[in-house]
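Quick one: the structure is below, and I'll ask about it shortly.
Letters are used for the chains, namely A, B, C, D and E, taken in the order the chains are written, and counting of residues starts over at 1 for each.
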């Protein structure tokens, strides 16, 4: 089927040469890319954030006339269906995308769980899948042939920058806690491995179930373990609760690390967000020398133009999905086909040759992403600053952070 | 460790007070109407969202949101009663069907909140000053102390209402003997609607308090409160308001102490274990004397 | 008493009432009965004859599928039970109707629900109950459930009387009551018409019922079997013959 | 005398209420023993203790000479005890035929044979036309007949009848009395609770009067009829 | 009244013909889906829901229990399959029956709750499902894969799991068809209508209930296993999702409990409705599901087939 498409477009192109440019553009069959979004459920917010990133990319490509493929410029069309954050719906959704909607290739859904369920369908139907948010290492250990994590770094690597940063700050003891979910668990496990490697003592390692509402005791336990730094990993909501409860209970650590601490939702809690460390891929202080797609500033501009009513400003999910689009564009140009195997070949060939808004790109044969490392941030009184890695740092970390009683 | 236990006790008391309120409204409903409100947690969270909307939209502080929530939820409960319950009473087994129906209500309510407020966690950025108060060696957040105070006042007011006023006695009488209350000249439909509205109002008010105590909530938090409410209600004895108040505090303490001594992820099992154990070994609850089923 | 005018509408009347459970199992079939003013009307019949059902239908606790309920000649079919108090009609059901975990006084106060705001009237009502049964005053702070069966029955009667009803419906008032106390209860019932109270008495205790009543209905299988003045029942045939008649009739048909 | 049912000092209380207080009773095979008493005298409780629905607080129950005290109802049923209830307890959402098959489900006989027996039984009870209806669609009297038919399906040797005539149409009553007499003639021991005396007089040679959980009189029908204790308890003099 | 005619009355003949017709249509339709290029995933889940709702019907419609934690069996079956395949390298065709066995074992563990009834049973079952989820959550990560769960790594060919699902559905429907006619089924329904009376008719109530409970537990466990195989991923979050119980209950009740066809009709109708909602109103799907449930309880408490048979009691003998 994939073979047939270029021929048909070729005919369309020949027939349409004398037609006006606009009509020509309509005649050229667009590249259809399937993707799911979660309208509801756990992943709704992140998935929609990501979707906006993908739409920025589509808008950008189409405004440039499309991707040159087989001699013609083909526009890109995003086909979106809803997965309700439900793993059991995902296979049906991808099957519908491939069989009914006849998409040429796929973007992954949000999150490792949904992606793992989706991959099986795309693989059995020989479709190429660009993953933008699934970090679980096990997905890449399954031996799938046509998956590439374009921007999302592998889970076990995610927690490293934070621990490395703390290592350089002279931290000796870290207390870990994490929500029992794939992303927090993978990040924490990676971080703990890194801590051990650096000779930092892990004083607490506790997971908590989803739906835990009260973190008072958890925080007290972390304090009682004698840790310098507390690294509780969960999603925004829980972290907001923890940040507030830390202050309410007047529990001081020398540093606290919240993965989402620099996200707009988290910053909305105001003073309680101050001095916390975090990590992100997207911040106006993080500016890579982009070789693929828009730069951060351009992307943000486009975001503001396309989504003036979006509930939140762009976050790193937006950047991850946008970056994945930019990477995919390079694959297609390199491969000059939409054939899954050829695309995967191109993806490997392009290792370390692309830098997107989220950073450099490097995968191994399984499609697992090694670069696109997060930057460590700290919420300083004058604003959110990059404190690690040193290459892109914009400020020096405040460590230890001032105790609550000394803050105004 | 001593500090941890102290913290656990303080938290248990505060959290337990909230649980008591969540439970007491559910138990009132069951007692008077024989209706099992599986959507109770969603009603509670709707209260939290009301407080959130009032605060972020109009700048109304949560304490002022309390009376608003009470009135709004009372009215909503009154209306909902007339929409749902009379028809439900026609089915073969209203008690069991109510369980299923409110299952649907809970799904719909969560979905509605999702449409209105989105899936992400919300919090009310309104802090008391000072933010916390030292109590001996431990610090307790002012918001929590305020919530505890309100909980205590509400519980006392509720107890006063139920045990000292005639309408309150009528409610309890309806729990004791549903048919006899009708021959006293009490309009059972209105009394039931009142009970439904009162329970809903309590749920809404509890929701506002929850926004104070647990600063983040989302449309899907409701289910957790439903489970907690069930644990409290069964522990206190189905349809026994005083039992629910006591059971809430006991359960709050048990839950918090469990997190002190067990990994957090394990502690939730304690709640379920209490629920199952109670039904098996003391189905009438801690204050119950009669054994039902 | 029995000379009360026949033209005057009955205080309470069932007219051709059908009651069914579970769709089509008829408990009452075209039952008609009247409680005439100032009289004690008795309803007797074997188990399952529908005596209690008739009373429950009268009081709005069951909805008839056919027929009418009339109060003073006015149709009130489908009126909910709590409205009957407003019409001055009180019911003492067969099964315990007390609120066990409320005090004696609270049980009485609840009966005053329809005029709960009127302190003077409530006080008057309480006094009336205490005057009827002084024992209740002594025990007014006790939980109703803590009293003996007989005392509970007196509380129920006192509670109904506190409202100064025009009509009192009694469903087997002496069931499971010791004989000595039963005698007191019948004596009390006999005194009610003198207070201007119309009584409808459903009873299993045929002999006493016949002694107490002015007019008697015998029900069978949810239908009227016989009715007539109680004097006729007493005089025309002996009590044992009466029972034997309606029971034997049933078997031999 | 071939004793089919025997109770010794049977006692049962519910909270503070004494329902049975030392009841000694014997019923011989082929005998119909009537039990009379007002509401709450303990008649149904006695029956429930015999058939295993209640576990007595004290005393023993013997069925055909074997002790069955505290055994679950299905074990007692397998000893050949069948019973009916005051308010018929049929299987409401099952057809009449299926209702009748329930007590014989563990029999070795083939389905066809059992269905044949059930139809014959329904024929006898004049319910055959309704055999495919759900039991809840029957009238109260028909439900009583269905219950009796169901009880008779496994051919029990001991039969406990709780108010079989309450709420039953006179024509059906006569019919039921004939059936009960048939059972007694077939050598079954019948324990008959009835609230009204006449049917008892008709069926039982021997009657036991219960009041407040105790046997207050026992003997022939005429003796009971004139027993002052019975008249007092029963007629509330 | 000859015996021979009684064994297969005309009504029985119609009954079995209808059963064969419905079964045949289902069988042929589903068997052809992969060949005609139909949406395998959609039909896979349709069969899954038919199976779940039908098995639930054994507990709810036949035995009279409403297990509000029904997902426990499903989740445990899914994890059993995943662990066996991934950690013990058991072939999938052996792992699936073992998942069924795990469901049976779990049902045995839950058996003491059968002496509860009504609301109490429902609440306790709900709590037990929570306990199951938390227990698996607290098992060591090397076994259960922690919060991410397990990937079976089988790279399953969807068509294989599709036909296995079909086999499971056929087995479930056949079992329930048998149950509806069998002595066990009669005993079960008797205990549902009046346990005391059934006991006094010589029915060993606890044992009969246990049999029904076991049948009702085995199928969801196998479903969980097949679904795990099909999607290739198992995690506690989705394996113990309360929506699974909700859908099962709603689908079964929508069709009508107590008949063989009810849950099938209910599942087909509601899955179809769900699909419609999913395509047309992606944002409203949960809201509509919730409102539909309320409407169902208020206006169609006996379900589609149940209401039909209530209106036309004479059809009861012909409808399986």
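Quick note on the criterion: a contact is a pair of C-beta atoms (placed from the backbone, for glycine too) under 8 Å apart; a residue touches a chain by one contact, two chains touch by 3 or more.
Note that the structure is a prediction, hence the values are computed from the model and not measured.
Chemist: Could you tell me which chains make contact with chain C and chain E both?
Modeler: Under the touch definition, chain C and chain E have B, D as mutual neighbours.
Chemist: From the C-alpha centres, identify the chain that is farthest from chain D.
Modeler: Checked the centroid distances; the maximum from chain D is A.
Chemist: Farthest chain from chain E, going by mean C-alpha coordinates, please.
Modeler: Between chain E and every other chain, the largest centroid distance is to C.
Chemist: Taking each chain's centre as its mean C-alpha position, how far apart are chain B and chain D in Å?
Modeler: 49
Chemist: Between chain A and chain C, what distance separates the C-alpha centroids? Give it in angstrom.
Modeler: The separation of the two C-alpha centroids amounts to 78 Å.
Chemist: Take the average of all CA coordinates in chain B, do the same for chain E, and state the distance between these two points in whole angstrom.
Modeler: Going by mean C-alpha positions, chain B sits 33 Å from chain E.
Chemist: Give me the residues of chain B that touch two or more other chains.
Modeler: Answer for chain B, listing residues that touch two or more other chains: 111, 114, 263, 265, 268.
Chemist: Residue numbers in chain E touching 2 or more other chains?
Modeler: 134, 137, 283, 285-286
Chemist: Touching two or more other chains, which residues of chain C qualify?
Modeler: Nothing qualifies.
Chemist: Touching pairs of chains, which are they?
Modeler: Pairwise, the chains that meet the contact rule are A-B, A-E, B-C, B-E, C-D, D-E.
Chemist: Please give the residue numbers of chain C that touch chain D in the complex, ascending.
Modeler: So the residues of chain C in touch with chain D come to 22-27, 46-50, 172, 174-176, 179, 182, 204-208, 220-221, 243-244, 247-253.
Chemist: For the complex, which residues does chain B have touching chain C?
Modeler: Checking each residue of chain B against chain C gives 166, 169-170, 172-173, 176-177, 179-189.
Chemist: What does chain B use to touch chain A in their complex?
Modeler: Interface residues on the chain B side: 1, 3-4, 7-8, 11, 15, 111, 114, 118-121, 123, 125, 131-132, 134, 138-144, 213-218, 220-221, 224, 256, 259-260, 263-265, 268.
Chemist: With touch defined as at the start, can you tell me which chain D residues reach chain C in the complex?
Modeler: 38-40, 136-140, 143, 163, 165-171, 173-174, 177, 195-199, 202, 232-233, 235-237
Chemist: Over in the complex, which chain C residues touch chain B? Could you list them?
Modeler: Residue positions touching the partner: 59, 61, 80-86, 90-91, 93, 96-102, 106, 109-111, 113-114, 116.
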